[in-house]
Each structure stands twice: as C-alpha cells, then as structure tokens.
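The structure is given below, and queries will be raised subsequently.
Labels run A, B, C, D and E following the written order; every chain starts at residue 1.
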C-alpha cells in the first residue's frame, strides 16, 4: 500500500525464470534457450524476434528485459505481479522524438489439472513493432503448438508480421476454453440425472464447485472479450488490417464462449432449483406416508382402547359376536381410509394415474 | 488448439456434399445439379449465380469452391466448422488493386423434428457482387421455397440483385421461427393446466426441456438480431438501399420473435414457481389432515386409556351409566374439535367459504 | 414461410372493410362513407384528406388504397397482417425523380372487454404529406373522439397539417392506457387484502392473469416508447417542429405509463412472495397445534398405559389414593406443558405478546 | 381520452388558488399577495419577478397567468394536471420573430405526514429570462425558506439571475429527501431486530409498506436525476455557466440519494429473506420437538400396551420383579433416546455446542 | 433544507483540525506542521506545495484555506460536509481574466477497525496547478506512506508535477481495498464450511454483515471507478499524459476490485441459498425419523390394544402359544417396515448407497 508504481514483487510460489529466443523471418528460423546472464538479442533487418519467458522469479532478469525492450514500467508490473485482470492496452512512448507503440495483452490459460480443479495461468504478450515478448507464470511449455507452426517454410506466421504471432498466441488461449467447457457440460449433464433420481446434500457442493469454476472462467473471458472488442473498434498502430480480420475471428469465438458460459451458469442455477423441488417432493412423500399411517391406525387404536376400558357395565363386552364384529368394523374403516387416500392420489397412482 | 486458422475439419456426422447451380436473370433461369468434379461456374453478364451446397463432408470440393469464388479463409472456416454463432460479416479483399467485398451471413434454421426435439441447422450465405453461395449442414432441401419463387417471370428475385436473394433466404429462416414458437406456446398452455391440477415431478422435467429449447432459440435469434441491426446501421457495399428496407422488415420480425422468446422464458420461470406453490399447497392439506386426525383422536385415546387402568379404586368404573356418559363426552369432544377446525378453515370450506 | 414479401393475407376473423373519407382544411370539413367500389379521393389544394378504414377483410380494396396512395408494399403488409410490433417507420420512395416520404405508425389500443379480459387492437396510421390513412382491425368506431374535434371551426386540427392529426390519433391511443392501469391497480389492491387474510390457490391464478395482462401492456407500450423516442431524436421530414413538441408530450406520457407498468409488475412479484409467506405462516400454525396436542397427550397416554398393564405385582394399583393422585399428576404435567408452550409463544400471544 | 391537448382540468381535491408576487433585484425586494382579479405584474428593468402560486383550483386565473407569461399550452397542462412525471424541459417559441426560451421543471416534494404515510406534492417551476413561476398543489408554504433567503442584502439570490432562484428551489426539494431517507433507515433497523427475534406476519406488511415508500421515492428521484443529467449535458439557454456548477451539485446529491434508495430496496428484499429463514428455523424447532416427544413416548407406550394385553399365558406378568424391571427398561430407553437426540443437536446445544 | 449552498457545517464528531505544509521540488523537501493562526503558504517557483489537513472541526481555518487557494465554495462544502459520494470533478474559474482549473477528488479509505467493523474515511484531494490540498476526517496519519516516498532524492514524486502526487494518493486508497477483500474472502470461506456442517440462525446474521460490508465497499468503489473512467475519457487540464497512464493503472485496479466485490456478493447470495438448502435437508431428516418411528410403532401399539380389549369372547386369548406368536408377528412387522424404509433410503444408506 502506498508503494511506488512499477515495483516488481515475486510471489513465494514463483518458478525460476527460463528464456527462449526465437528469431524468424520469411527465410529462416532460429530457436535457442538464452542464459540468464547472456546479452539480450534485438530484432535485425526484416526478421522478427520472439522472447519466450517462463517463470517469474528472476526479477533482475525481468527488469533487464523490460529496460532492453523499453517496456513501460506499468506494463512490466502487470506482467510480473500476477494475477492481473485480462486486458489489451497500448502504451505510447516517445524516444528520440519518435513515437513508439507497444501493446500489452494479458490473457488467461484455463485448464483442468489432474485433481479436477481448474488451473489458471496468466499469459502476458508484449507486442512491439518487430518483436513479441511472452511471459508465463509456470514452466509448462504451453506455447509449443505455436512454436511448431513457425518451422514450416510456407508458414503464414513467418510471412506476416509480429502482430500475427501475437494473434496466434491469443487464438490458442481462446481455443483452450472449448475443451474446458465441454468437460463442464458433461459433468453438469451427469449431475442433472443424479439430482432427478437421488437428491442429496453433496450434490449441492458439486453444483457450487461448478458455479465457482464458471465464475472463474467468466472472470477470464469477459475482460478478454471487452479488450478485443475495444481493440477492434479503434484504429491500432502495429496491428495490420489483415491481422485484424483474424482478431475479429478470435473475438467471435470469445463471444460465443461467453454466451455458453452464461447459459451454463443459468443451468447451474436451474439445477439448484431442481434440487430443491425434487427434495421438497420427497418431503411431500414422507409426510404423506406419515399421515396415511397415522390416519389409519389412530382411530383403530382408539376403538381398541374403548373396549379395553374396565367399566363394569359395558354391554358389548358380553356379546359373543362383538369381537369379530369389531374386527370387521376395523377392517372396513381401514379400507375406507385407504380408498380415500388412493383417491386423493396419496398412495399408489390415484384414480387419475397422477 | 493452436491450429492454423482457416483449417477445415469435417465432423463425423457430416453428410456427403451435393451442389446445385442456379443461373438467373431478368430473362431466364437455369437450375441444374453440379457434379463434384465438374468445373465450377461463374456469373456471366447481368446474370446472377446461386450455388446451393448441401452436406459438408467433401472438404476438397468446399475448398475448391472457396478458392474459385475468392472466399476469405476465415469465412470458409466458419461455413464448414459448424456450429458457429450467427453473424453477418463483411470481408474486404484486394484483387488486382481493386477492392472486392463479400458478405458472410450465418443463420440458424430451427424446427421440431419428428421425435419432438428441436433440431438446429446452420445456413451460411456468402454474398458476392454477382453470386450467392449457400451452405447447409444436411441434405434436406430447405431452400426449395425460395428456389420456386425464382421461376415466375415477374419474380422480384430475378429483377433485383443477388442481395435480394440473400434477403429472401434470411427472411425464410426467420419466418421459420413462428411455427416453432406457436407449438411451444401450445405446450406451455397445456403444461400450465396440468400444473394447477396435478403437480408432479415429471412436469418439472418438461418445464426444463422447454427452458432449454427457448435457450436454444434465444442463442440463435439474439446474435441474428444484433447482426442485422449492425448491418442496418452501417453503410454496406453490395446491399442496395431498396433491399435494406426489406432487411429492416426482417429485423423487425426478429425483434418481435426475441420479445416473444423472452416472455416465454418468463412464463416458464413463472410456471416453476406455480409448481412449487401448488405443491406446497398440497403439502399444507396433508399436514392439516394429519393434525386434524391426531388432534381429534389423541385426547379420546387418552381418555380410554385412563379407564383402562387397573387401579382397584376407580369409583367411576362401578357407576352403571359411566360408560355411556363417557361415550357421550367423547362425541362432544370430537364434535367440538371438528367445529373448531371448520372455523379455522382446515376442513370443508370454513365459515367464510375460504 | 419463404413467401414473397408484401403478400397480404386476411385472417379468418377479419371483419368486412368499411371506409370513411374526411376532407378538411381551415375552411370546411366533409365527412362521408366511401363505397368499396367507388373511386378513391385525393387531397386537393390546401385541404387534407383522412381515410378511415375499419376491418381488414377486403384485401382487393386494401391493395387498391395502397397503390393509390403509393404506400410501400412492406408498410401495407404490416398494416394488414396483424398483429405487428408497434413501430414508427419512415419510407422513402422516389417518384418522378422527386423524393416522397411516408410514415407508418403502428400502435395498439388496449382496453378491458366486457368479460374482463384485455382486448388489443392494432391502429395503423400512414402519414403522407397531405393525407392520413388509418386502419383498424375491427368495426368499433374508436376514432370518433378525434373526428368530432375536427368539426369546430377553431379546431387546431384543421389549422395544423396532417402530422398534427396523426399526433392526435396516437395521443388518443396512449391516453387509453390510463383507465386500464387504474383498473388493474384497484384489482391488485383488492387481491393484496385477500392474500393477507385468506391465502388460497385460486389467488395465484388471478395473480398470473394480472402478470399476463401487464406483459401484454408492456409489449404494446415499450416498442411505442422506443418508436417515439427514435422519432424525436432524428430530424423527420413531414413532421413540423410545432407538432414535435406535442409528440414529446405523448412520449412523456408513455414513459410514465411504462414506469407504472414496471412497478405493477414488481408488485405482482411481491404479492406472489407474500402469498408464499402467508401460506407458510399458516403451515407453521398447523404444525404448532399438532406438536402441542401430541406433546401434551402422548406422555399422559403413556402413563395411563403403564397402569393398564396386567402385572400381578404393581403395588400402586392397590393404594386407594393412587388413582386421584395420578389424575392430579396428569393435570400438573398438562399445565406445565401448556405454560412451556405459551412461553415459547406457540399458544396464545406468549409472554412477550408476540 | 382523445381530448384536445392543453386542456386544463382541476381535480376534485384541488385547493383554492393563492398568488404571491415577489419582485427582487440587487437593490430591493417587494413581496405581496396578489388578488385573483388583479392585473398580473411583469418584470421591469433589471429586477426579477417570482410568482408563487399555491393551489390549483382557479383554472381561469391559471390560464391567465399562462397567457400573460406566454407559457406553452403543454407546459401549463403539465403544471395543472398533477401528478406528472418529474422532468426538465425547454420550450422554444417565436414571438415577434425573436426566439424566446422557457424552462419547465417538475419536481416532487416528499415528506412523511402526521399519520406516518409518505405525502408527495408536485412543485412546478417555470423559468423565463426574467421571471420564475412556481406552482404547488397545496396551500402549505413550502417555499418560505427560499423566500427568506431573498431578504438579506448580500443574498446571492438577488445578485444572480432568475436561473439561480430556480436552482435554489430545486435544491430545496432535493435536500428534503435526506430526512425522509433517515427516518426509513431507522425504521428498517428496528424492523430487522424484530424479525431476528420474533418473526410474525405483520412484519411482512410493514416491510411491504417500506417497499412501497421506497418505490414512491424512486419514482420521484430517478426522473429528476435523468432530467438534471440531460440538462447538464446540453448547452442551455437561460442557465448561466455559474449556475450550472450549482446544478451539478444538486445532480450529485440526487445521484447519492438514488444510490441510497437502491441499497435500501436491496435491504428490504434481504429482510424478507431473513424473515423466511428465521421463520423456517422456528418451524424446524417445532418439528424437532414433535419428533423428540413422539420418538421417546411411542415405543414406551407400545411396551405398556404389550403388558396390558389379556392373554392368559403371559409368563412375565407373574414374575414379582417384572414391573420394576420394565420401568427400569423404559427409563433406559428414554435416556438412550435423549442422548441420541442430544448428540444430533436436536435438544440442548449438542456435543459440538452447535 | 433550503440552506444557502457553500454553507460549512462541522458534525458533532469532527476532530480538531491539524495542518502540515510540505514544500517539495526536484532540489529539496520541507515538511512542517502549521499553526492554526499562521499565515498560509503559497507554492513558489517550480516548487510544489502539499497542505495535509486532518480533522474537520475548525471551520474558520478551513474557510481561510478555501479562500487562500481560491477553492470553489461547492468544492469546499463537499470536502467539509462528509460523507460525500466519491467523485472527480473539475472546477473552472476565471481570475484576472485567466482561466484557472482545479480538480476535486473525493475517495474513501476503507479498513477493518479493531472491533472487526468496516471503518470508512473520506479523503478529499484538491489539485491546483502547483499545489495539492488533502483533507482527512480523522487524525490518523493515513498519508504517511506517500509522504515518506517524497524524501529520497530520486523520487518520481519530486520530479513529476502536483498531478502525480494526487495520483499517488488515490493509488494508495485503492491499494487499501485489497487487504480488506482478502479478509472478507477468508471469513466467507470459513462461513461456508460452517454452513455445510452446522447451519444455525446466527450464521445468517454473519452473512448479512458481510453483505452490508460488501455494499459499503461497493458504494465506495463504483463511483470511484466511474469518476476515474470519465476523467480518462476526457481531455483534462492539469493532468499530464504521463500521469494519465498511471491513472489508467489505478482505474484497472479499481475495475478488478469492483469485479471481485460483485463476485463476493454473488457468493454471499449463494451461501444464503446453501444455508436454506442444508437446513431444509436437516428438516427432511427430522421428518424421516418421525415418520419411521411412527410408522413402525403405531401398528404394533394397535395390535397390543386389540388384545388388551376386555371382550369375554376373544378366542386367541386362551391359546397358550398366542402371546409368543403375536410377539413374533410384531417383530416380523417391525423388520419388514425397517427393510422398506431402508430400501427407500430413509434409514442408513439405502440399497443404492444414496
């Protein structure tokens, strides 16, 4: 609180920093790990540079990278002090009386980890005119699918500019939401069947976990949607019209994903209501049985009580056929009750099959 | 994930591809099926061309059509990789230093299938300056009503441009929502009566199916509404002012449909509440009966118990009129109870007819 | 589905068509019925023309009127194919290289019919530079109040243009919502009292009818509000600045009406909740009585049961004062229980008068 | 319905009309009642005029004032036909080929009356270039605080223009909402305590009264907020930049008030939920007691019943220690039950102090 | 009500006023307390001035400061009459025919006090071209972290203008929300576990306190978010482009905080639902036990009653094996019932382990 802006702080769980430098152009691609103490490369000629940084513990190195590529202190702070709200921002700086633009994209990888929880990882992409810097919280090589697409000679990634690489990275993040949503959909479908058949308190807990996962997704997806929408609305330096068509496509996907998330959230709410309804239905059945049992036996027990009294003068007691007659009367009463309850639909299906 | 954009993938359920080529102008109409390996036609002179593609399995042919008509790779991807979010997008490309525009419309046919489920099918329309390409997921000849309207010589479809054909197709999709909504309305009305009379758990399941169908409709209709609204707001190459008046009419219809969907969704929510209320009312009745039965017989049973005790010195037991007196007392108690409950409105209609 | 736009279809319930032609200007007014086969009049000189059409069965005549006054086919379709969403639209057409504008207003008369249901009727107003065409679904002479205002010589209707007549008609529709809302308000107030005193299932049905009526009103009022707002925002040919001040007044009224509808909808939702609360309160009372009765008599019955046992060796049974002593004990237990329940507020008012 | 616009109608409850004329400038103030038949004054030189009209019964006088100050007929109608939706509107009229502007402000005084109900009174302010007309529904001299502020010689009211007087009047209306909200806050706080301790049906009725009062406030405040916001957004003739800063302050206050109203509405909704929760908790307790009583005594009563049977051959009955043994068994059963219920937390605090 | 605007009123709890004057520039910093009666300093040369005022009781001094720095009377009123809605406003005044701008920022410090309640304190910042005035309600030296950052010679605070100091102060306020939210998150997590295990009425009270705290935060954060957003949207005198980048960062943080607050509010709502579900589940268990106990023992008690009757002619009573046979029958009935209930899952886990 009250700290100087631009202060970098490594969290306790930050992983050690590793850097890969990729240099690519229409002609050639080079791809090599970079030593922490090595000199930092620069893009040369028409070639573009991609610095792939994983793990955010080495603050000194991160600061050096920031200075080397003239990254705005606030952008660097957002990259390092994870988690940040997803965003797409442009930083305008003046160097040697020439304006220089840089984009900062913060997006979130979301995936189920092995224990079935949703894991979230921040991907920060800094896009300069000739270079792209990417920063990941962890060591996992999440960006390798894009790196592989750089190698074929006819790769669009090599012909287009650095902005197209940035697009490809964001596109990969967004594509990653689909399998997550599919898995949630499957689990919700299974939950629904369970709820209709056997409503039990642990299902509520599961529903809540889904609610939370969906909230987590939503908090990743909504700001990304806004960020892309605002990027597409305004003229943007560094990003070519051709790449914008592709970004519009990413935006379409993310809008679709946001729609799906909203409808799953609706579904979870609906399932909670179903749980309550089904469980109140069960309660109703319990109450009906109680009422049926009580209503049938209480009058009979009363009758038995009457003839258990010890008055000296109870004439019925001496009649030889009184006992079987009473038993018959009791059966008649019980059957009448049963018919009444059956008619109201409290036992069996009722007359209307209800 | 991380795949190259523009990659076409046929789903396992994709049906084989069939193509019809329609050539039409003020003078004449030709309409013939096209072989998968035949050369693709081009619009000639003032005539317009409509390529009606059904089934999305033959990726090679689809790719050829895309290349032949210079469809943007992302547009073609959206056409093939169903389902996509409905949209209306313009693609601007430069060929031989001349700007060329194409529109992509993605709309959704929605209809009840024979098993009573809602079936959704994507219609993609690509509108060029002289041609219209349509793509349907399945083989069903859904577009035949429009094709038939091409044949009369005074057909507005033949006098107006390709944009008017695109309008006619979208209009047909939107008109198709009305019968679906009418059927849902009828079913909801029937459900409401059932709920008021016999609330039962399976009705909840039916309500949920309606909820889901309405959601499905909504997810088709809302983006179509947005797409048309944004199309109408901006000046659009390819689409004439005269056609725009007609598109405004489609937009009006879709706004009306969206309104109706929202009010049906409200109605479903309301019916769920009604279900809960009616079912809680029934519970109330059950409880009242239980309470009435218990309250009447428990004191009587107690009295019988008292005179069933074996104390040697219970003076009442020896009185000859004690037994009938007790029976009378019991009747008085029971009647008093019944009157009390009737007054509170728990049995019969109560004094206020409530 | 897939039908040609501009196709007119008469519904089965359409009433026969009647037409009145009113010609009016600063000097004179003429008002006569028009035969279905008669030649259609035109506005002449500075006089304005009002064609008042009631009943939409005679499609041939409606088509002739449309052609005669150069009504856009889509506008005519909206007029005839009732019901349409309320709207205010401008149609621009070019005749003899001069631009000609026409407005189409679709508004909805709403009134309670004799059976207490809400009846809705569409009023379509087509406003040209010198004429006004009005179309009503039914025969009822709903527009007579405005017609009568034409007759006095100092009538503003005669001095101002055709746009002022259109305003007067819309104003009348909007004024008609007030008595409907007042009646709903009275009924809701009565319902509320009933619910607080005697919650019963039929009240839920009444609440739902109100909900539906309010929805119906809302679906009339909201689009009319939007239509007027958008009309006021944009510069509009045909509508003078002076008339706009009056339309702004109509807009104010309709905004107020929309507010009231929303607050009534809130009220209905609130009443449903009240119903549930009051009915759950009653349940509570039932349960309390059951528990009080059971809790008092079950221990007493048990005691009676104990001394009804037939063990040979129960010393108490032989004591002469045992029976009265047990009776006293029973009274003490019952009174203690009653005090306990009274203290908890389950019977009577409780110690805190709660 | 269908009446000519600008028609003035006095409601049955309209109070007799009284008028005060205040003439004020930097130099002097005059303040005198005006006879209904007297000639109406005009502002002279740099002096401003304030006509303070109370009671809306004398339509003839109101019409004369309207004509005298060239008030637009629709503005006069809004002033007289109370209640109107709060608004701020500008009327532009042309007299002698010079444009003349007038503002109409409609705001609502809200206060608790002596019976604890919210009373609402409409204040209409018509602002001309040199005069202010104010109209109140009732006789109460609500505007006297502002009138008194006119008398000191250094009063800003006298140095600034008529627009500042209009501001001062609106500011007073808005300031009046604070004490109302404070009183509601106090009552809600008291209600909350009552609900937590003794939930009873009459509290629901109180909650609903608060809901309605807040709705009433909201319907006053929201349109006023909109009206001021739109006034501040657009350039306004008659209102100086200096006065606008003050109006912005009023707008700030009204935004704050709208916020508070919303949070109170939330609170009322929350209290309804609390009521239901607390009341369902009580139900739970009732059920628990019922179950505990029944579960303990029913098995004991059954045992007593068994040994009350009259079989000739029940060996236990002859054992001398059987009766005390059974009594002991009964005590053991009862204690075991009590321990079981205590463990589940149904009686006392339970083992976990829950 | 009706008071003159700009009137300063000290609340009864206002603390005595203390003032510190800080003069700072690239070269030097001076920092000294200021006597209440001392002459007020002015910024000189390139040096900036920061007047840090704590406690709002000394209205005369506050008025003098206002006059000395030409603070607009309404701005001064907002500073003194706490609490005000957070805002960022620009005041434009003309002195010696030169335009002078001042900004007023009102933000809210929020922190948990020692008793666990949320304490809110208003920070008002007035930003002039060369000076910053800060006003705090209480004596606590909340601004010291920023003051300390002034002392190092390379401090950005000293190189940048007064606007950067204002930014640093607002940034500190916003940073202060994070620990508050973290503490709320921890408490909510603990509450959730308690609710799942032991739902009890006091938990509802805790939930409501959280709801209220979140509302309080929301009412601080939302207007601050709006204020910053509108500041960033419009060109602002006094605030340099470089500082705006930093303010955008504060805006990002506050948007993130607003998101988190909303999701916590959702969570609280969800927990209330969970409470109701869990508590209704418990009710279900209670009812099940009641029903099981009653259903098992009521028929048995009835049988015992039958053979307790005193009819002279009950043949079974004389059979020597009748008593053990009946006991066996009773056991069979009880076991059958138990199996039935176990099957339905009412006791134990049921056959499906449910």
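Here, a contact is a pair of C-beta atoms (placed from the backbone, for glycine too) under 8 Å apart; a residue touches a chain by one contact, two chains touch by 3 or more.
Here the structure is a predicted model, which is why all the values come from computation and not from measurement.
Student: Supply the minimal count of touching-chain steps required to go from chain D to chain E.
Tutor: Minimal hop count between chain D and chain E: 1.
Student: How short can a chain-to-chain path be from chain A to chain D, counted in steps between touching chains?
Tutor: Minimal hop count between chain A and chain D: 2.
Student: In this assembly, which chains make contact with chain B and also with chain D?
Tutor: Both-contact set = C.
Student: Quick check for you: after a Cα superposition of chain B on chain C, what is the rotation angle, between 0 and 180°, in steps of 5?
Tutor: The two chains, chain B and chain C, differ by a rotation of 70 degrees.
Student: Using the average of all C-alpha atoms in each chain as its centre, how far is it in Å between chain A and chain C?
Tutor: Here the centre of chain C sits 41 Å away from the centre of chain A.
Student: Averaging over Cα atoms per chain, report the distance between chain A and chain B in Å.
Tutor: That pair's centroid distance is 25 Å.
Student: So which bits of chain D are touching at least two other chains?
Tutor: Expected reply: 280, 283, 287, 290, 294, 298, 301, 305, 308-310, 314.
Student: Considering only the defined contacts, which chain D positions touch chain E in the complex?
Tutor: Residues in contact with chain E: 145-146, 149, 156, 168, 171-172, 175-176, 178-179, 196, 245-246, 248-249, 252, 255-256, 259, 263, 266, 270, 273-274, 277-278, 280-281, 283-284, 287-288, 290-291, 294-295, 298-299, 301-302, 305-306, 308-314, 345-346, 352, 354.
Student: Sort out for me which residues of chain C touch chain B in the complex.
Tutor: Residues in contact with chain B: 1-5, 72, 74, 77-78, 84-85, 87, 89, 91, 198, 200-201, 204-205, 208, 211, 215, 219, 272, 275-276, 279-280, 282-283, 286-287, 289-290, 293-294, 297-298, 300-301, 304-305, 307-310, 314, 316-323, 326-327.
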